[in-house]
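Given below, in the form of structure tokens, are the structures.
Consider the two complexes below, in which chain A is the common component and chain B and chain C are the respective partners.
Our next item is the complex of A and B:
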């Protein structure tokens, strides 16, 4: 069943400027429960603008968005409730942090959602542990390193147990091991609780590894949506979106060029490794 | 000539409580000795919170040593009369471009750094053009900086640094929000400055594949240097890297695994072409 349906939305930042272009230009797609969706596209293609629409923060100029079948722009729709069900971590997490200590910051959201103070703090500590930053709990978010701030922002959203988790370039600023741990963590939320994941990234090899659906944006329009291996091996789509192929796909084409047969649907790291070991 | 000399550097930060009393100290840099020669291209890796940005800030006197010395072209960062000169020698792009962008229009922002260097307006105009062009963002010259996307802001702040033509350029996660195509353009440009004009480059990055641009890779962990080697050599030490929170870049990782399976590879290949050599 689709949890989010986006229908023909258009958005421009300067409403009154007739000449200015649309940052989003007739975008439509649908996302099913338990989907793990990657949104990709070059800088300025409209990715961040798009996700700001998904929890009602920005209002589309025209078109509609259905959350579990209900139009979020209808008068009786509860937008506050949507913000709890649809947790977003933005591109610059520091603007999401405002409390004096890390733990207060994380617990804030949990209390707003209705947990008692005790429950909220207990849960916050658990989430900080999960992210490997429990040791920072009494420090000021303001003074943390870039990657540490991002992890605190993750905690603030995880603690609310949303149905949909949305991340704007979550891997930017994470060290490689933290990045892998982050993906494993959201993968397990996706597997265990069926949490829908929507995220923006430039790391296309990770898209192959984790996503089951990809949306490609260019100049505010959708170039194509589909399965990672379909999209990322499609030279026409990649050229149109002005994107460089991930390593796995470049290797795939190089192997083909050398006259070998190789399975296009199996491009995850371990699958590709296996194919390369057994090439005939 | 010695460009950068860091001797027994220790940096402690005060951790304050809400009444601004020091409750504890945190050691961000713990005994670093490092010299970097003119014209070197050094990449600094390390897990979140390992001290990379702090080390970078020590280079242009934004952070002063708690113990030890940082000497830039013979000038000690502790000597306040030299601060301005030091900052003229070092162009620095910060992790969050919002902390860097000062003017409301892109071209003014790029001019800002040069104005401090007393460059005439004709030269300035030429350099603004060059810098924007080399990053593929010529069309943004008259754009309003606050309205740019994250990746666009990163490119603008780097254009400002390139235009200054400082002798030393420090880039703190310059490409974290830029697509792979854009990253390549940027780093090719930086490499060209390094080779042709002998500019010293210090690149801090979590995109581990970017180490292939460097002559030398320095790995920090808990404020200490734990590895210092060439890119080709360092990727042969997988477990040592992992102990410092770093995983192998995609292609060296694949090469290493294929080598373990008896393929004729060294494990330090960096390009798709090098990797696929094992296929006859």
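Our next item is the complex of A and C:
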């Protein structure tokens, strides 16, 4: 069943300037429960604007967004409630951290959701444990390293028990090891709790590895949506969106060029390696 | 959200007003503000209106965009109107219990409202049509004579340009922070005054942190490029007056003289 359905939404930043372009132009797609969705596209293609619509931070000019079948723009819809169910982790944790200690900061969202102070702190400790940063709970968030701050910011959203987790470039500025750990972590949340994941990224190699659905944006329009292998091996789509092919796809095409047969649907690292070993 | 604040923003358009020398626009704004406060009767206000309307038309910025900056002024405006209407002694127009509205009160309130609105629109036109860098260039050159009195004009201009340059950046940051906190269930308009003030903490702390970080980065960047304000700097586009600038000065002169003349017109029909 689709948890989120976006229907023909349009949005532009400067409403006074009629000649300005739409930041989002007639966007439609739907996302099922437990999906792991990657939104890709070059800078300025409207990715961040799009995710800000998904929890009602921005209101589209036209079109509608259905959360579990209910239009979020209808009058009696509770937007605050939606924000708890549809948590967004923004790109810069600095914009979110404000408390004196990590635990206070994480508990903020839980208390806003209506938990009592004790419950909220108990829950926050659980979340910090889950993310492996329980030892930081009494530190000041401003003294942490970039990767740690990001985890704290993530904990601050995850503590609200969202059905959908949305990330704006979660891997930007992370070292390769932390990046892999991070993706493994959200993959496990996706498996264990069935949390739907939507994330913006420029790292197409990881899209093959983790996502089960890809949305390609270019100049505020959707170029194509589909499974990672469908999108990333589609040369026309990739050129149109100004994206470079990930390694796995390049290897796939090189192998084809050499005259071998190879399974297009199996491009994850292990799968591709297996296919390559079994070539002859 | 906060991005709706238009006061102090630059609006790119190709118009006569945009192309004027910033010094002319600074003087024009000053003259206009002075004219508002020396206006004593309806003729002066009509003149000021004509002046303002022609500036609005000539600058080609959509009117709706200009007046959207007035929204933030609304409360101040209401307060001053209410106080003036009810607290000015004089001829009573109508009485409602202990409160009475006087004829003088209405007139002063109306004057006050017109002055405030014109003042904001007038100065918005200056900032809407002049980039901050041009504005500070204009100030630096226009006030250059103060150097004789050892006033550090160049430094002041630099500080001003940095301050102005950071306004849109900070507005954008407030917007981002609000988005991040709203996503965590923060609500900035709910509750009474104390609750509202408390709800600003999640907004202000990250804003200060990032503003200090930015200021620090900027200082280091300037330091590493050996910035020093004591060196005489040449400009890429030096300010020079063109014909249109002299014409504008002439119009300004005529305008302010006319305003002065209106002070000597005596009329009884309206006491404005």
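The working rule: the second predicted complex is superposed on the first by the 280 of 280 C-alpha atoms of A that agree within 3 Å, B and C clash if a C-alpha of one lies under 4 Å from a C-alpha of the other, contacts with A are read in each partner's own complex, and residues count from 1 in each chain.
Note that in this section a residue touches a chain if its C-beta (ideal position, glycine included) is under 8 Å from a C-beta of that chain, and two chains touch if they have at least 3 such contacts.
In this text the structure is predicted, and so the values were computed from the model without any measurement.
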Touched partner set for A:92, first chain B, second chain C, both or neither: both
Partner chain(s) touched by A:247 [first = chain B, second = chain C, both, neither]: first
Which of chain B and chain C A:151 touches, first, second, both or neither: first
Which of chain B and chain C A:172 touches, first, second, both or neither: first
Chain B versus chain C as contact partner of A:273, first or second or both or neither: first
First, second, both or neither for A:255, with chain B first and chain C second: first
Partner contacting more residues of chain A (chain B vs chain C): B
Touched partner set for A:42, first chain B, second chain C, both or neither: first
Common interface residues of chain A - those touching chain B in one complex and chain C in the other: 13, 92, 94
Chain A-facing residues of chain B, complex: 13, 15-16, 18, 46-50, 53, 95-96, 98, 147-152, 154-155, 173, 176-184, 206, 208-209, 242, 245-247, 250-251, 253-254, 257-258, 261, 263, 272-273, 275-276, 279
Chain A - residues contacting chain B, complex: 13, 41-44, 47-48, 91-92, 94, 100, 139-140, 143-148, 151, 169, 172-180, 202, 204-205, 242-244, 246-248, 250-251, 254-255, 258, 260, 269, 272-273, 276-277, 279
Complex interface listing, chain A residues touching chain C: 13, 16, 52, 55, 57, 80, 83-84, 87-88, 90, 92, 94-98, 108-109, 112-113, 142, 156-157, 160
Chain C to chain A touching residues, read off their complex: 3, 62, 64-65, 68, 173, 176-177, 179-187, 201-202, 205-206, 209-210, 213
